[in-house]
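So, here come the structures, one by one.
One chain, chain A, links the two complexes that follow: it is found with chain B in the first and with chain C in the second.
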Partner chain A sequence: MFSWLEKNPFFFAVGVFVVIAFAGLIEIVPDFAQQSRPVVGAKPYSLLELAGRQVYIKDSCNACHSQLIRPFKSETDRYGMYSLNGEYAYDRPFLWGSKRTGPDLHRVGNYRTSDWHANHMWEPTSVVPGSIMPAYKHMFKNVADLETAYAEALTVKKVFNVPYDKDLNGDGKVDVPLGSFEQAKQRALQYALKVAEETKRQDLVDMVKQGKVPEIVALIAYLNRLK
Partner chain B sequence: MQNPAIEYDYTVAKWFSYLAILFGIIGMGIGVWIAFELAFPELNYVAGQYSLFSRLRPIHTNTVAFGFTLSGIFATWYYVGQRVLKVSMAESKFLMAVGKLHFWLYFIGALLAVGSLLLRYTTSKEYAQFEWPFDIVVVLIWVLWGISIFGLIGIRREKTLYISLWYYIATFLGVAMLYLFNNMEVPTYLITGMGDPFHSVSMYAGTNDAMVQWWYGHNAVAFVFTVPIIAMIYYYLPKESGQPVYSYKLSLLSFWGLMFVYLWAGGHHLIYSTVPDWMQTMGSVFSVILILPSWGSALNMLLTMKGEWGQLKENPLIKFMVLASTFYMLSTLEGPIQSIKSVNALAHFTDWIPGHVHDGTLGWVGFMIIAAIMHMAPRFYKREIYSKKLLEMQFWLQTTGIVLYFSSMWIAGITQGMMWRAVDQYGNLAYSFIDTVTVLHPYYTLRGIGGLFYFIGLFMWAYNFYKTMTASKAIEKEPQFASPMAA
Partner chain C sequence: MNWLSDNVNRLALLGAAAILILTIGVVAKYFKQIKEGKSEGVLKEENWDGIGEYKNNSPIGWSLAFIGTIIWGVWYWLVGYPLNAYSQIGEYNEEVKAYQAKFESKWANPSKEDLLGMGEGVFLVQCSPCHGIDGTGIEGKAQDLTHRLLKKEVLDVIHRGSAALGNPNGQLGYPLGMMPPGLLSGADAEAVASYVAGGFKGSGKGADLFQNTCASCHGPDGRGMNGMAPNLREYDDTIVQHVLDHGKHGIIGRMPSFKGRLTPVQEKAVAVYIRSLSEGE
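Right after this comes the complex of A and B.
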């Protein structure tokens, strides 16, 4: 059979394809639907958080930081409760990372504050002596792209039915409002002002008051949300 | 030598060889730089935000995997393909045009894609960072390569496909399937008409995204760093040594075994994550089984040298290829060990993983491409290799570099993994995270030095190649086996 295949490239290629293709089918397809289910209480990201998540991706924070706490005592002691599948239901893409040059961040919102993050991203060694993480000062000047964040939120709402503008827990209130871009932007600016004030940096507060959200503020809003 | 009338056309093979050297130097140069950034963080700021570790790391991985390695794969395809099919590219104007178009689209596409990463356009998925417009370019490049492969096969004189061709075909199919499925993303601008036109959002969420990503990520390693490199060694080692392949049956077993087993092993990247337990176990088990076909190929190559080990002393190209097979064996034993759950619990997220990747890529992929291109050089230019001595020096310098690299990363990884889990007498964590970072400084430094050795070796390679092309002694006819070299 093999010597026949080696003289018939078409069937050879078909054979190879069949042999390599079905592992993916068997491993990925069976649990696909079940793994898409959100855990109770999981909510989509608000506009500002999503903009911050885009900053996290743009600067490849995931090159050094994981967002996956494994079920070992040494990890739950250090980072908190181990990660659950349903917590990631609105993560597109997933940001588990593959290398911890720095610590895990999946629940960093539980034990770091906005001003800690601002100081840390401005000069990491000022809060963590010996840190090898570089400063990310450009995030303090760059303006977060709320429009692209809105485009992403609207896309996942339309295409994947991510529950924006919906009452998730049955209390009669919308949990994560999105609405029009103007509405969403106003809400993001209010939220950003609160975060900027928490950082205790006047330059950030001033920028937000001018209607521009610095990337660092969006990023901190995202990090605070990781709990 | 059945048909001495065939004049093979190496135009495209030459172009891709230049590109392999160029991208090798750029990609590994960035690698050395970011290695030193971890040891000396001030280096992060030499070019403002553009030299930050996190910005450069994806550029390093993409340039080396899809710049250096793919160029090497294409260069060898445009050489080996013609020779084992006994047909010249010059016989078909169409295939010649496709080959040239393939090259230029690839070159321009690669530059644009790297530029986009520098400007922060990334999807964040490892080895699949390019945003959707560049993904489309990648698909076009791949289709052109497919036309080239199957076009040449279509007009072949030699009816039976040689082993190397099996692997090139598998590379083409495997990467096509993986790349398409992992890069399924929705461009947000097309849906909403707002925001950045380059931005997209993944079709898969959370755990599913992770599963698809590591099904891809692991098998991108399979079909870029393994399968096509085996294609090369099955051609170049027998050719350079003048020895027939040791066993046809072993090559059959290894090929179909590798095809069947490799795809299952992706789950080993997700052990103790939130993917289903059965899948983690499958990933683990199949990784161990993967030793069989991997070692099958490697042993087949080593046994090809049976009775001819003297050549190892005489011929630096044989040295490169034999050590490449050996590193392949090391790497394919190390990988399965790391896939065992209890070992993975320690090794995952540590520097042992980059250590593992690099003994494979530097030792196996890098050495094989270096040897292949130096084997082709005398055939390209009808000149002998400029300097055997320089090639020898390069070999030893780079081998030392690799050993420094992986041994320092082994120590670093295991040290860090042990420190993360260490507890004091009351059961409290013994170290804060930063303790486990500062302790790595000497190993990071050593790793940088190892990388630097390898990097210097690349310049020796480039110089030797350039001199072979321009200033070496001419030879009358194409050498059949061992490449002629000036001392």
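Right after this comes the complex of A and C.
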């Protein structure tokens, strides 16, 4: 029965590979496919949040802050529920980070507020004495790049079928609207105005009213969204 | 030969001798077999270019291991992997459960010092980023926990009612429910606010207005009638617990809810610690 295989080393090698890999494949592939699905309630980032995410990447926040809460009691006590795979379904790329010089930020939206972030990013030691985090004052002047954020959102919508402009939870309403750039920008400006008012800084509110979103406002919108 | 008096040394020497003798015996046996042994037995039918193979029964140990592996494989397939497999989350759940049980039994009847120490620990980790390490609210960025109320806070609540606290139901979850807006206005509101923020001292217009307007819910002494309405004189256990559970959105800003993040004992400990902050006055 096997004499044919014994005379054909290539097919013999293929057969050996399938037999050895089989157990691994049936244990890993189905689990992986299921775990990588978005968790119930996961939503794609809105335009402003995506712009904030780009600021987060640009200023290398992930070099010092992780976004992954491991299932250890010491971590869940401090940061909240441990992270699930499906929560990162719309993160491209994910920002798990590999070093915690600062605390984990995966659920920072649950326990910090917009005005706290603004104070902290302006002068970290004003709210956390002894903090070694540098100040990020340039974020209060620089304008966030909504065009690139829109390009990213539109790309993932078209290429990866990320559910923008869709009803996700079945309540008949669109959960994360995107639409045309003009529509998306108007929505982002309204959202930014709300965040800017929460920071209680008039200069940020004025900038948003002039149609410019400061980087810090986009970043805070993104951080508040991390829950 | 002092070292031979030790049992372990003697045992080791005996073992070494046994290994030496066995090795010599086995080696000698195989030498003899190589010199004198002849192959014998029944050849199998297969023949590869003149090279044949004897019919041999498989060794008993090998056969038992083979059958045992099949049985283990069936068990692992049906029970071991699906039901008994290691799970990181499972280990986490057990760890948390064991810790909670230990925590609850250890702190079933905590003393005031225990609560104070625990409260300080929780406060420094969870509360101090906004309220400051000393609890004074970092120059108005959050509630100053060394004082109960500021005049502007009292005025804001009188003006807007408990909806000013910004919770979904416009209140912190007290049995007496919402406080209506605009119970007092103008100079009357100012007088009551000064009286409440000033620590309920003195008598006069503020004190009289408080007794007439506010005392029916907050109690004649302003202590909230044992948790029926917010205590206006100190951070009692009830108000700390309600604010931690519901969060708050007052005139200073928004405090997020900490529901489910602290155990009831820890919430109580935080209240004890917060009260200790204003004790020096």
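Rule of thumb we're sticking to: the second predicted complex is superposed on the first by the 192 of 227 C-alpha atoms of A that agree within 3 Å, B and C clash if a C-alpha of one lies under 4 Å from a C-alpha of the other, contacts with A are read in each partner's own complex, and residues count from 1 in each chain.
Definition applied: a residue touches a chain if its C-beta (ideal position, glycine included) is under 8 Å from a C-beta of that chain, and two chains touch if they have at least 3 such contacts.
Since the model is a prediction, treat every value here as computed from it, not as a measurement.
Asks: Quick one: is A:111 in contact with chain B, with chain C, with both, or with neither? Answer first, second, both or neither.
Replies: second
Asks: For A:179 in the superposed arrangement: first (chain B), second (chain C), both or neither?
Replies: It touches nothing on chain B or chain C.
Asks: With the two structures laid over each other on chain A, which partner does A:72 touch: chain B (first), chain C (second), both, or neither?
Replies: both
Asks: For A:61 in the superposed arrangement: first (chain B), second (chain C), both or neither?
Replies: After superposition on chain A, A:61 lies in contact with chain B alone.
Asks: More residues of chain A in touch with chain C or with chain B?
Replies: If we count touched residues of chain A for both partners, the winner is B.
Asks: Using the superposition on A, tell me which residues of chain A are in contact with chain B and, in the other complex, with chain C.
Replies: 27, 71-72, 77-78, 128-129.
Asks: In their shared complex, at which residues does chain C touch chain A?
Replies: Interface residues on chain C, with respect to chain A: 81, 88-89, 91-92, 95-96, 99, 125-126, 129-130, 132-133, 138, 141, 253-256, 258, 261.
Asks: In the complex, go through chain A and note every residue touching chain B.
Replies: Answer in residue numbers: 2-3, 6-7, 9, 12-13, 16-17, 19-21, 23-24, 27-28, 31-32, 35-36, 54, 57-64, 66, 68, 70-72, 74-75, 77-78, 83-85, 87-103, 128-138, 145, 147-152, 154-156, 158-160, 181.
Asks: Residues of chain B touching chain A in their complex?
Replies: Listed in rising order, the residues are 37-38, 41, 44-45, 48-49, 52-55, 57-58, 120-126, 150, 153, 159-161, 166, 169-170, 173-174, 177, 181, 186, 188-189, 191-192, 194-196, 199, 201-202, 204-213, 215, 252, 256, 259-260, 262-264, 266-267, 269, 272-276, 279, 282, 345, 348-351, 353-354, 420-421, 423, 428-429, 433-434, 437-438.
Asks: In their complex, what parts of chain A are in touch with chain C?
Replies: Checking each residue of chain A against chain C gives 27, 71-73, 76-78, 80, 82, 110-113, 115-116, 119, 126-129, 198, 200.
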